[in-house]
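Questions regarding the structure given below will be posed in turn.
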Amino acid sequence: MKSAVVIFPASNCDRDAAVALEQMTGKKPHLIWHADSDIPDVDLIVLPGGFSYGDYLRCGAMASQSPVMRTVKERAEKGVSVLGICNGFQILTETHLLPGALMRNAGLKFVCRPVGLAVCEAQSRFTRRYSSGQTVVFPVAHGEGNYTADDDTLKALEAEGRIAFRYAEGDNPNGSAHDIAGILNEKRNVLGLMPHPERVCDALIGGTDGRAMFESLIEAIG
Amino acid sequence: MKARVFIRLKNGVLDPQGKAIGKALTGLGFAGIGEVRQGKLIEIELDETDEAAAKTALTEMCEKLLANTVIERYEIELAK
Amino acid sequence: MKARVFIRLKNGVLDPQGKAIGKALTGLGFAGIGEVRQGKLIEIELDETDEAAAKTALTEMCEKLLANTVIERYEIELAK
Amino acid sequence: MSRISPDVVREHGLSEEEYAKIEALLGRAPNMVELGVFSVMWSEHCSYKSTRAHLKKLPTKGKRVIHGPGENAGVVDIGDGDCVVFKMESHNHPSFIEPYQGAATGVGGILRDVFTMGARPIAMLDSLRFGAPDHPKTRSLVSGVVAGIGGYGNCMGIPTVAGETAFDESYNGNILVNAMCVGLAKKDKIFLSAAKGVGNPIVYVGSKTGRDGIHGATMASAEFNADSEEKRPTVQVGDPFAEKLVLEACLELMESDAIIAIQDMGAAGLTSSSSEMADKGGVGAEIDLDKVPQRETNMTAYDMMLSESQERMLAVLKPGREKEAERIFKKWGLDFSIIGITTDTHRLIVKHRNEVVADMPVGSLSDAAPVYERPFVKPEPAHEMLLTDATRAVVPSLLKVLGSPDMCSKRWIWEQYDHSVMADTVIGPGGDAALVRVHNTNKGLAMTVDANPHYCKADPYEGAKQAVAEAWRNLTAVGAHPLAVTDNLNFGNPEKPEIMGQIVAAVDGIGEACRFLDFPVVSGNCSLYNETQGEGILPTPTIGAVGLVKDVTKTASIPFKRVGDAIFLIGEVRCQLGRSAYLRLVESREAGAMPPVDLSAEKQNGDFVRDLIETGIVDTCHDISDGGVIVALAEMAMASGVGAHIVLPNGMPPIPFLFGEEQARYLIAVPTEKAEKILTDAAVNGIFAMMLGETGGLTLRLDELGEVSLESLKKSHEAWLPSYMAGDS
């Protein structure tokens, strides 16, 4: 599996994502600067966490307008896998590659802690190595992860099995509708999630529950 | 020309920040506080001198960047 | 009564958000963008019906909670 | 040009004698720009005029020390061509005036100090002191400061991994916000601030200059009075986004060899960075203010020289390398401007609109700055050993201590800090020391900040020694070899002999402990004049420290790992309660002598425990500090969800045994088959070790002294801060 990690000004989990990808795939991902509209031929594009453009105006808003995102959109439409983590998820909603929006946490504070997640959809290229209903623990670290969408969108997400991860009962850190932690697009090749799988690929630093996501991708993509 | 852009959450979209402010005001002893909503005020200086052209440009700025129309609505005001 | 409170950074206080928005707008191809400043718009519903009394209460709210007068200034507008 | 009246001199915080000295150095009266420059450079904050003579006594050298105090941050060798770069700094006064921005820019400033040296910051720590919880300002100060620290550090993507937080009414009008940054650099890629060489371009990079925080440095050196809230100077606003770009751009430029010297613009911005760089390089500097990127119109030379706008750096480049540097800064969207040149005149010459607006010998700003041997009175510590046989019930006392503002869990705070970004945090907040892996290696850096102002109030000398000992112990408890120290001396008005006495004693105490433990001081900061209406804060010398773990898979942490482990107390029992958290929080009194600090016991016990950890025998360890044995035990149990059964040795008075705060002690837990070995090893080494009980169950059980469920312990430990912040208490 060939991969790329996009770097926006003030991305800050780009290295974490690159390290996890290299560790899991054995290959260094390409690092793509936001001002470049060219992305090499890869199987997976990762939009990492961070505070692109300082999270000013709205999280992900300015990044969604950068040259590289035009290419990401094209590739996504062609079926290339796109994974948006945290700020990456926010960018994906701002780009309308994923529906809905991420608002300020209901508690109005940044929150960093491990949370329990239920894997709701194990039938995707991102989650096939998990089992449906399995509980995993990933850390969250965000101030604006409160997923919101209109009722029709929420209904569609539920009906189409596009809610990949939900916060475990009683562990919703931000007030997200339907306890949504991560969603898929209609074609199921784009996943956005607030928790950080790349921070749980190493037992020494918090666990290994994130590895199966990368293993899923490797299995699905090759 | 100077423009003011107001960005508000759409009706029906929950505004925890506004709620918290309302609660805090009541807590401080202010009586009769109803709904409180928080939005953004963006002030932009433009070289453009034609009102209609400015409005068109500002509308485009809102649609493209300033507002997230999934949850927000915007209003443009040109300073006289 | 409905009130709008505008909270702006004082002149001379750095506004990193406004600066970044201005840069982004220019980057998107909008020409002639001068200074951009971002502030807050707080809308409050009040039971109060007397204008003067409302204004006094709102001023107090701004001083006590809504504005950080070290770096911000506020402006109150009552809806007619 | 307007004449300088005595009033103007006074408003600049300069005494008559100081003004006379300026005239003598210049051979004429200064103009306003020069007066402004002298006033900031000679302020307490920049010149250390009250403390310089005493700070000289601190040990600053060691086998591993590459750069000690004097550079932007200390640099210590950690082997394999790597070094750790760290420093702590205060932002007390700005944080009281505007908590969010004050704390945020404090973080921004200390980050710049570290990456200026060529280091990538890898962790932040914060030491916070607030006023009494029932003081009307406290809640909003806590919320603003915490949000500000998180707001800046989180955006930068640097984990905030540890800290401390306490409350006392002496901080009502003068909170303490000390931030420490730890970075990693290559030994052959350290950047210094000496601008050696003549004819080299001086470049300005980063954000534009505005009228922010003019006279911030002088403010940090002045006492607060009732109307300082009125005379609010323009507060600096932080832009972490800009700083992240400055960080990446600087590190990118540092990959090349284009830089001769580099320095961040902190307090007294352009003035201190240009004069210090020239002075250290033994050269002069000529600066053209028209070239300075400006955010506001009609800025005067005075404004520009004194501005404390954030996220700016000054560098001296090798001639001919300007284009290369400019390309990098432009790529990151930052301002870049050549504003001057180094000269052989040894003078700082500033031009504005084609006129020379300041012309001063560079040495006059730093070396010639006044140094005061301020009069002091030696503190008289209490000597009475409090062996009170308190007979209160254990469990309610424990719940009271654990649920108090000082001792409760600070989760509400550290959950607002991203502590796992960079994916190297092995132990985050909640440990004795945090442990961060050195990226791509098997090594780790342990770090901690510690102060006990209640001890220091009783005895500034022993109290400061204790802070060093506790920091050393916290590092040891995770299995680290303590490397070096940074300090932040927070005190009241040094012109008062009693306060000066505290400062002198504290510096001596730090010096003694650091010398004995071979734990040199490599950087630090002083924050004086922490007074409101004549009332000083508790003396608060804060120690930040870093240690090295050779193998991150061989460390220890607080949570019990297994059921049925034997729990040992390492270190002696003296049963004294003087100045303990128990006395203060349960009996509401502060009395007696603080626990004495026996440095040789500290070293012996610590080396013993570290050895057990490094050889893989011990993986569960907690040092004993405020709250004593019982609080340490409760913390271990709460962290793991595994309880413990403890039996007090015969004849021990329960409260003094359980709550006494004797130093140099640890609790460890090991599988029972290793218990024998611990006891024999301890005996061989002449170390006091005592088996207290074993792990298991869901309670803390002390036989006839009582039993309490982990659930109730957690409830009281976790409840106070969130409910206080929600306004419920």
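Just so it is clear, A, B, C and D label the chains in written order, and each chain counts residues from 1 on its own.
Operating definition for what follows: a contact is a pair of C-beta atoms (placed from the backbone, for glycine too) under 8 Å apart; a residue touches a chain by one contact, two chains touch by 3 or more.
Remember, predicted model here, so these are calculated numbers, not experimental data.
Asks: With contacts counted as defined, which of the two, A-B or A-C, has more C-beta pairs across the interface?
Replies: More C-beta contacts join the chains of A-B.
Asks: Could you please state the distance in Å, as a whole number, between where the Cα atoms of subunit B are centred and where those of subunit C are centred?
Replies: Averaging C-alpha atoms per chain gives centres 10 Å apart.
Asks: Let me have the rounded angstrom distance from the C-alpha centre of subunit A over to the C-alpha centre of subunit B, please.
Replies: Once rounded, the distance between the two centres reads 29 Å.
Asks: Per the centroid of Cα atoms for each chain, what is the distance between subunit A and subunit C, given in Å?
Replies: Going by mean C-alpha positions, subunit A sits 34 Å from subunit C.
Asks: Could you work out how far the Cα centre of subunit B sits from that of subunit D, in whole Å?
Replies: Result: the chain centres lie 41 Å from each other.
Asks: On subunit D, where are the residues touching two or more other chains?
Replies: Only 239, 241-242, 333 qualify.
Asks: Could you pull out the residues of subunit C that touch at least 2 other chains?
Replies: Subunit C, residues with two or more chain partners: 16, 20-21, 24, 28, 38.
Asks: Which subunit A residues reach two or more other chains?
Replies: Within subunit A, residues 53-54, 56-57, 62, 65 contact more than one other chain.
Asks: Considering only which chains touch which, label the overall pattern as line, ring, star, complete or other.
Replies: Topology of the interface graph: other, matching no listed pattern.
Asks: Give the list of subunit B residues in touch with subunit C in this complex.
Replies: Within the complex, subunit B touches subunit C at residues 6-8, 18, 21-22, 24-25, 28, 30-48, 57, 60-61, 64-66.
Asks: For the complex, which residues does subunit B have touching subunit A?
Replies: Where subunit B meets subunit A, its residues are 13-14, 16-17, 20, 64-66, 68, 70-71.
Asks: Using the touch rule from the top, collect the residues of subunit A that touch subunit C in their complex.
Replies: Touch list, subunit A to subunit C: 53-54, 56-57, 62, 65.
Asks: Could you pull out which subunit A residues touch subunit B in their complex?
Replies: Of all residues in subunit A, those touching subunit B are 57-58, 61-62, 65, 93-94, 99-101, 103-108, 146, 148-149, 175.
Asks: What does subunit C use to touch subunit A in their complex?
Replies: 16-17, 20-21, 24, 27-28, 38
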